[in-house]
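Dropping the structures in below, format is structure tokens.
One chain, chain A, links the two complexes that follow: it is found with chain B in the first and with chain C in the second.
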Partner chain A sequence: MISKRISPTRFALWRQYGREMSVGVFLLLLLGYFGTTPGFLRADNLRDILINAAPLVIAACGMTMVIIAGMIDISAGSALAVCAVVAGLTAKSGASLPTVILLPMLTGAVIGAVNGWLVAFVRIPAIIVTLGMMSVLRGGIIWWTRGEWIGNLPPSFSAVGRGEVVGIPTPVLVAVGIVVAIAFLLARTPLGRHIYAVGGNPLAAARMGIPVRRVLWLVFVMHGALLGLSALVYASRFSVIQSNAGAGFELLAISAVVVGGVNIFGGQGTVWGSAIGGLLLQVISTGLIFRRVSEYWAPSVQGALVLLAVVADALRTRRARR
Partner chain B sequence: MKHLVMRREAVLVLLLLVEMAAMQSLSPLFLTPDNLIEVVRQSAEIGLIALAMTLVIITAGIDLSVGSIVGLSVITMGMLWEDARLPLSLSVLLALMVGTLLGGFNGTLITTVGIPPLIVTLATMAGFRGIALGMSQARSIRNFPEPFLWLGQGYVADIPVQVWILALTAVLFHLALTRTAWGRSVFSIGANEAAARLSGVPVNRVKMQVYMLSGFMSALAAVIYAAHVSVAKPDAGLGFELTAITAVVLGGTAVSGGEGGVLGTLIALLMVGFLRSGLTLARVPSEAQDMMVGLLLIVVVAIDRWSRRAGGV
Partner chain C sequence: MRKAFRITPILAAALLLLVACGKKQTPSAGTSTTNTGAKLVVAVMPKLKGIDYFNAVERGAKEAAQEIGNIDLTYDGPTEGKVDQQIPFIESWTLQKVDVIAVACNDPDAISPALKRAREKGVHVITYDADANAEKSGREFFVNQATFEDIGRALVDEMAAQAGENAKVAIVSSSPTAPNQNAWIAVMKRYMAEKYPKMQIVTIQYPEEDQGRAFSMTQDILKTYPDVKGVFGISSVAFPGAADAVRQAGKSGIVAVVGLSTPKSMREFVKDGTVKTVILWNPVDLGYLTVYVAKAVAEGTLKPGAKEIEAGRLGKVKVEGDQVLLGPPMKFTAENIDRYDF
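This part shows the complex of A and B:
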């Protein structure tokens, strides 16, 4: 798998990115399906979909690395809330724009560093660490803010989420930048290859001299920093920040990654797939609103989609083995 | 391995006693029979789920969908009774069946299709909750008859009904796990699935049964919970998976499988219950309690890891 990623041949495009391309085709079909509803395919609605998908796509990039490395993080939604509150409070304190951008990312990186340390060095399974961290962070942030919303955000803060550069909304620009950067990191750098190796076979990776624990730790730190950025983009689009922000966000991010074809056993997948997966989830969510389907059904649609993707993948690999 | 497990439970009992003494010093109301019985009653529903979760985790699996199974089976019961006008007893039976089937759905995807339990139950956690909310449009159902409420509010010999149910089920689970061939096969699957399969254990069938059991126990907890709080609502059981898994892991069942028991789970369940009750009496807000329970989980597992490494295990 790794060698396939490193040396693509001219005819290997389908074999290399077939899974990502099939999600892309599914996305187009969905656009066609929802497109029959008046107003759905209007430029401003499509633009809204892209803006709304941006925080999810950014977070999904980090989650992609985590899952490729064979790990999981279910504290992502709670971490998002913590970072969003930090972003809001920093902005309200009148700090400069670089500080408002960097502090949430730093917060996320610290959370990721703690998770990563517990997983990689104390060797507690990621599911337990992040399950515990989920309630530590959520309980902590509600306790700290006393459940109050953070309002009166300065206009300069909202400009981050609502601004645009040469006609392209800032959130979309940031998301595209992150996807390209992480794709480059995964496909073209030694660290990226190490992440695939650690997720594919940790024992073999260790024998090859890859510092497995340090790689795992770094993955969690980078994932945390991206969550911080995602929280900033997410929070700056609203005029208030709630301490229950991001509830269920971890499942959305994991869904985007899994739907995008990243192997849940680790070692395989691309960030392109996850980005399309995130977009797909947003299209469905907006499409269901246009179709006037009650929002209560939304979680089932999402759960069914994840199951569909993993069952299809399982059947495909089984056939390939035969 | 046996004495290791027993030692673990002895440590837990010691911790529990220390904790009770600490809570008593926080509030003189803590060590009263009324309060203690109330804590056990509050823990009983999640306790039923945690018993089955113990088996799931011993097979090296996990079930994150239990809270959503609670929601879906309780609203099924309520709607069958109120909308379809079925007798309540029949609705309860059907709800238990629904819970078992939902567990079977998880089990099928895990065994036959071969998808990791974490992903399957993460997806069905959202899926089942969505069906519960969508089907009922988030309404709640009340006005259950008195005999039904007895399940969750009544007493037998001064002990709450659900505590009897929990105790009885715990004994059954303990016996099944430690005294039967089925119990041994549960352990052997968690210790080494490939070896278990080679030595003739019907791995898929046993795993299937374990997940169905988890679904059934969640539905049973759901019915009792509805009787306890006198209302059936689709968001019932939200977050139950976290408390149940915390109790199991705190109780010494290894997440990597093959090791553990229901005794530890029960003691850990009481630890969490007493911690929350003591903190509530000391007027610590519930968010801070959530935080401490999460910390407790991480710290205890970390200490466990360190002590094992120090002991050369």
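This part shows the complex of A and C:
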């Protein structure tokens, strides 16, 4: 019994991380396929893929928590735009680096807190709350910036998105750090276990004495803060910040999470899966251009590949149940 | 307590809806548009107020009104680019019996009945920047800032000058269904085949309205087609995205980036040499010309069949059918870009 727990058999590992592993295998297959095109597997291209995927992976970590808790957030793209503009304006005002990092995260957390409050305490369905929030933020950002882009960013700001630490691009480092941190939070802390419990069966969770509403609210706040960080990493790669950035970003984040094997109805999944899912989406997008797939077909091929990943997962789950 | 709790979500939802819909714009009645004596009352409406582009239009309109002298100009419109917020302005102006209404339409069809009613009440109606449905609205003239033909040709000519007449080029567009972009692409292809038969489009990518995607797609284009000598960025999102990718790949000056956007959003790239030319029309001139057309229509000097119209500092401006053509697009370069703030 004890030995079994210390060294789980390969089968147990498959049972626990099967979803993530199948997506991972799929990613490797795709890399192999696209890898036959010259230049795709070159270090600079792989590096660009990782950097471009970083904001999505960071946002997908927050979205993972939201979806595991049985919720959804479709205001993520608009929130990204707001946080990106906040990041840019803070940097331009000459604020110190910690402020430039913290202010967008704080903005995101406040947006998340409002969403979370309406969902958890006022008890409006998340899809309605975030649908409303999506329009409020999109309208607000246009009103605030008058549609203008934010340029003339200081070099210190660009260093966040384009710098590197010991040869690893900062965005990649940040993304890896966040994935590890959230994985730890979900798997090893009481709060993390509560999130699974709330998403799996809210009634049972409440009976067990889990403060369901507070957990939900916290999930939205943390997700918001991560969106702020994602926005910072996203925006600091560019020379000008688009005031209406992140159109469709929420769907991309949700796709990454779902492709990564997180149960859309809540209660199951890990950030490892979502991170691989985010990477997968970026690899597909780049790979299709390398493969010179007709531009009219690219979105369909991309969608079909995502479906394939999900179907593979469904088949695997069914066999596991048998 | 329980009951109150059940009502709260409904209240909150209602509140949310209210906020989401935003405050309805109601035009203030009877501002400065009462018809006094011989003064011609011209009401000009942008797609939305408060953005640089239409601020520039407003400046041009005011300049023309001042120059002409006997014009009472009202410039007003919604704060969001929504057609349902434009209609109340038209209705209110119709009631006030202004002489001319000039509209940049957010939707060609939805706005047409309101314009038609204005026409029936004897108000002159012209459109500028974005046309209404000519038939259903009964509008008299459309002030066209640039034809697809002019823009498409200007883009290709500029690319040929920068990257060479037999360059391999890529296009970064908007969405695959964007009507303006597709019309430009069609002209570009045809014109290229005519004038630069050796120029070749290797790929067209559609990043939608997303800067990040425009950026990463251009990165991928540069790596997939290492012999590409030029990239067209033909939307205000695609152009800076493409320029950023070229600059960060260290290919400024090696790969030409040509496109359409406002000079303000491209200034940085023009300053550092990544972009040599930004192509667009001049919105100040557009506003200026619109007021001249309004005056000519109201005074009956511009009638169907006219071939040209005299428009102040713009001189003689061409009229084709029911369209007044602002003329060839403008080029913004390192020399002149600082003079424009839109």
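Definition applied: the second predicted complex is superposed on the first by the 281 of 322 C-alpha atoms of A that agree within 3 Å, B and C clash if a C-alpha of one lies under 4 Å from a C-alpha of the other, contacts with A are read in each partner's own complex, and residues count from 1 in each chain.
The criterion applied here is as follows: a residue touches a chain if its C-beta (ideal position, glycine included) is under 8 Å from a C-beta of that chain, and two chains touch if they have at least 3 such contacts.
Worth saying up front: this structure is predicted, and the values here are computed from it rather than measured.
Engineer: So, does A:52 touch the first partner chain B, the second partner chain C, both, or neither?
Structural biologist: second
Engineer: Which partner does A:246 contact after superposing on A: first (chain B), second (chain C), both, neither?
Structural biologist: second
Engineer: Based on the superposed arrangement, let me know which partner A:39 touches: chain B (first), chain C (second), both, or neither?
Structural biologist: After superposition on chain A, A:39 lies in contact with chain C alone.
Engineer: Once the shared chain is lined up, is A:211 touching chain B (first), chain C (second), both, or neither of them?
Structural biologist: neither
Engineer: Touching A:142 in the superposition: chain B (first), chain C (second), both, neither?
Structural biologist: both
Engineer: For A:154, select first, second, both or neither according to whether it touches chain B, chain C, the two together, or no partner.
Structural biologist: neither
Engineer: Touching A:237 in the superposition: chain B (first), chain C (second), both, neither?
Structural biologist: second
Engineer: Look at A:286 in the shared chain and tell me whether it touches chain B only, chain C only, both, or neither; answer first, second, both or neither.
Structural biologist: The second partner, chain C, only.
Engineer: Look at A:300 in the shared chain and tell me whether it touches chain B only, chain C only, both, or neither; answer first, second, both or neither.
Structural biologist: After superposing on A, A:300 lies in contact with chain B but is clear of chain C.
Engineer: Identify the residues of chain A that lie in both the chain B contact region and the chain C contact region.
Structural biologist: Correct list for chain A: 118, 122-124, 128-129, 132, 135-136, 139, 142-143, 147, 248, 296, 298.
Engineer: Under the definition above, what is the set of chain B residues touching chain A in their complex?
Structural biologist: For chain B paired with chain A, touching residues are 62, 109, 113-116, 118-120, 122-131, 133-134, 137-138, 242, 245-246, 249, 255-256, 285, 287-295, 297-298, 301-302, 305-306.
Engineer: For a test of understanding, state which residues of chain C touch chain A in their complex under the given definition.
Structural biologist: 5, 8-9, 12-13, 16-17, 19-20, 22, 50-52, 79-80, 176, 203-206, 208-213, 215-217, 219-221, 223-224, 226, 237, 240-241, 243-244, 247-248, 264-265, 267-269
Engineer: Using the touch rule from the top, collect the residues of chain A that touch chain C in their complex.
Structural biologist: Result: residues 37, 39, 42, 44-45, 48, 52, 55, 118, 122-124, 128-129, 132, 135-136, 139, 142-143, 146-149, 151-152, 162, 234, 237-240, 242, 244-249, 282, 285-286, 289-290, 292, 295-296, 298 of chain A touch chain C.
Engineer: Considering only the defined contacts, which chain A positions touch chain B in the complex?
Structural biologist: Counting only chain A, the residues touching chain B are 72, 74, 118, 122-125, 127-129, 131-136, 138-140, 142-143, 147, 248, 251, 254-255, 258, 264-265, 294, 296-304, 306-307, 310-311, 314-315, 318.
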